[in-house]
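Below is one structure. I have some questions about it.
All chains are identified by letter, namely A, B, C and D, in their written order; residue positions are counted from 1 within each chain.
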């Protein structure tokens, strides 16, 4: 399914693996400040913060998968099948649809603290983008340089959790995921003492034995534990390139290799279609695709942010190999 | 420590993760056919197959970590500490040192079958390259498009194993590693039936649950299982770029992220310094470094292979980001 | 901590491991029908169903750990530290204390269905038995031959779950425990096919490989999975002795061996102080203690059940060895 | 299959779980000193140490599964299918058959040290007891109060290992089993510190979390790890009853519950048919059977050990319940 993470060095980085079996022509979409957002149930918004992110290849509206705004606030929506519940319109609430949620949050708010307050009043209503594009069951991680939260639409309304571990995958709900980490409390990046028995020696035959027990399969629970450990133990210097590089290595630890998660015959597998990494302080989107290992970058600030038209760049999916001779 | 793998589509691909805490200025080194190999105990060899590979940054001699020759034969040496034993010179045997082993094999033989026969007569003698460069304890994976073998220098001489799984890491010896895979026989890229109980339902809450039990830590045993599963279930089309891309994804599944394997204070960790991928049929070396996600390529056939001088290219370690705007 | 299970052959069996580091002189206590139950907040009850169970060694009141009544209804209280919350008295509710809960339920109701209905109106109030005997944080499994439920006192009141797996341990709350079983869905009592790879064989070197992945430590989560698997795959004929024997084998699978769960120096460990097994249809209590492997039995129906006085039998803790010669 | 263990308090205890799907009417068999042992290839032995053990229900010859002699030396044979190799007769060696091995060792030697020396000269020849009773593939654990060894008949002869962990199960060979324990080196009977991350807390929600990672399935590898941990952390006082009780708890940790290891339809499962426990210093055999939880004892020293006739006691398989009222 998907994995999101943040990472903080000098700047705040945020991004995600987008794991799925088919691509909807995802592309980088920039929403300038004066693109008019028409909402289904609330008033349209003429002017707002500028946004950069990865969106589905649907013209005329930015169906963001993940994005950040010019204020440094970032968000990603991740599959939450079987748990996400969208409700009927409720009077007295800000009724936005799930597909409007990212534009609404990033267009309106500048940090996580503002978002937490606003969420008390938001209701996610069960309205499709179109008959062809029904709603996905989602939950969201929202992050800035002060921390992160998780938003889950459950039967009894939006549930908001602080996210101390800085990662999110899919099912089960976040509180269950977090609880499961307790079982890994003894894992470490250091080789452990022999505490099995004081009566006989055991061989320290490899480095890295301190994390034995960490799962390596690609289910959502296992990716949660693996990426949480990798992020928690991650080390890099704090320069831009080192930080971005390390961020891709963190999410690389739970990449879905094509073939390893079977969906359908013939030969349909879930794999990591793209990985995004936002420097949210500078509003730069870095990304890689499964078939192009090189990092590509798009800068929000390089565009005319006061315009009213969406700007799109297709994702680079062709392998860019540097031939030396 | 390290992980090697092969992968076969239309061509045969071979390569490795080189995991360590410090770099010895590894570089791509090409040994043309007439570079004179001086051996410590056997006759010098004036003319031989041309070789391309990654070698330590030591001038005048190609101290290969991994390499392939113009005939499509490839090899990698991997750490085998505590198990590797190099012996005294033995009469009647071909006495080569461990650091001469890769040049000798790739210079002399064109395929795995020839190598297997030759190994019956080879003795690895305990002679350093220099006082500053003592021998590393190693075992080797040797691979071509017909299959792969593992060579282990044990107390009682060289042990040669066929390698049906096409991967190698470090300790324990290969037969023990292979045996451990039996415990993972039920893992699959498909979600499993509920066989726990016929009396109650269990929820299939995520894709990828068929491989629950696969380890995700970075010890040599766990990397062996994880990369063997990833390789065995790998799917790609058979074009050059798709194959190379998939190969890097296979080895990416056991990459060592900086910070996750502690070595020494302050902040010394083992990490994947580089990943190599040889198309051995075309004698092209592709590689990535930890700090440069883009694939770089060097072609053996683009050089003057009849020369007598080593050719070196430093590894690209600077992140090559493609800025779009 | 503790493990409870039920088991159904011709009759319904229920019981538990009582795991702790010190014994409070537990004993078998029979409460006849006319023992007067004085309640703290509700009216006293003069006449009720007769009860047999294991209770703390406190005179004058049956502080049951687990028990069953003459109607075939059985219950056990298990440690639920950090999660159990007892509330203030609530008007309009049946306000009983946690230590009154087992007597109240077993004295008043004849089956699980009645209990479920009654629980809608029960409030567990935060009142100690005495200053010396403060309340334990508990949750309860209640079982009869139609099925079982789990009752958990949480912050927002009593939570009642149907229990399809027929077992209970301790933390985390039951819904989280149950969810974790999903990760074991592929486990089986049959040796699995090799689905790891179609390209190489793997050895079926042992029987019992189908349950590889089942945890064997003594934490509450791991005991939950282990005993659920053992119970779900359990086989016995349906005679009384075979059923009782098999029941002790089921709970034996998660027994706590002395020394394996450290509590305090010097030499204080948690261990399975006793195991109880009720044939609830016949109201017979079978038990074993850690130091006496022989099964001891006490029959409710052998006593004068119309009396008003508690009847106590100390637990047999001396090893009863049958010497043959 | 089977599990053997030793345990030392004031005396030396040794025994095993015998796991199989059908019973061959195992019984306690005492071989007095003057029972004449007729050997197939070596000279008959008229007089020897007296032996007590559990043997197959075959008249006229003690086909021991496990036994101890009057000198305190004990031995058990455990299934070793696919690995055990019995050879042709070899000149200059003591050629005994596998079914003669236990009588020969226990009849002739008084301690492990003597046995180790003798094994240098023993050859296990491939001769059946009878056409109806072909040889079982076996390996053996031999133990006294100075320590234990494992004897494995491999292709290239008998392999003898010191056994520092004091347990044995079945496949794979002992050196591989022992190696696997390295992966459990961090397990402990104490709750672990949170070393997963220094940036967030993790909950210590249960006792016993220090051994998370210990396997709980019934395959031979998993039983090896589980029983090795239980034995290594075992605590009891050193009296006879406490020691015997604790010994049964140790082997109880890897008991095979009926139903959990499927063999054949309908309803054929492997289970722990009996568990034996020898106080080898006093030559007392204690045992339990699957269907009789009480411990039964037979004393070697209570018999006339100078006789020439085998003495047999059938195993008690009927549940001995102590009814209190």
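Basically, a residue touches a chain if its C-beta (ideal position, glycine included) is under 8 Å from a C-beta of that chain, and two chains touch if they have at least 3 such contacts.
All figures in this text were calculated on a predicted structure; none of them were measured in a lab.
Counting hops only between chains that touch, chain B reaches chain D in a minimum of 1. Taking each chain's centre as the mean of its C-alpha atoms, the one that lies farthest from the centre of chain A is D. Per-chain CA centroids place chain A at a distance of 55 Å from chain D.
Per-chain Cα centroids separate chain A from chain B by 33 Å.
Centre-to-centre spacing of chain A and chain C amounts to 44 Å, using the average Cα coordinate of each chain. Among the residues of chain C, those in touch with two or more other chains are 172, 179, 183, 187-188, 190, 203, 205, 209-210, 212-213, 219, 221, 229, 233. Put simply, chain B touches chain C in their complex at residues 164-165, 179, 181-188, 190, 192-205, 209-210, 212-213, 228-229, 232-233. Within the complex formed with chain A, the residues of chain C that make contact are 172, 176, 179-180, 183, 219, 221.
If you check the complex, the residues on chain C that touch chain D are 1, 28, 82, 170-172, 187-190, 203, 205-222, 225-226, 229-230, 233-236, 241-242, 244-246, 248-250, 252-253, 255-263, 267, 269-270, 286, 288, 290-299, 302-303, 313, 316, 318-325.
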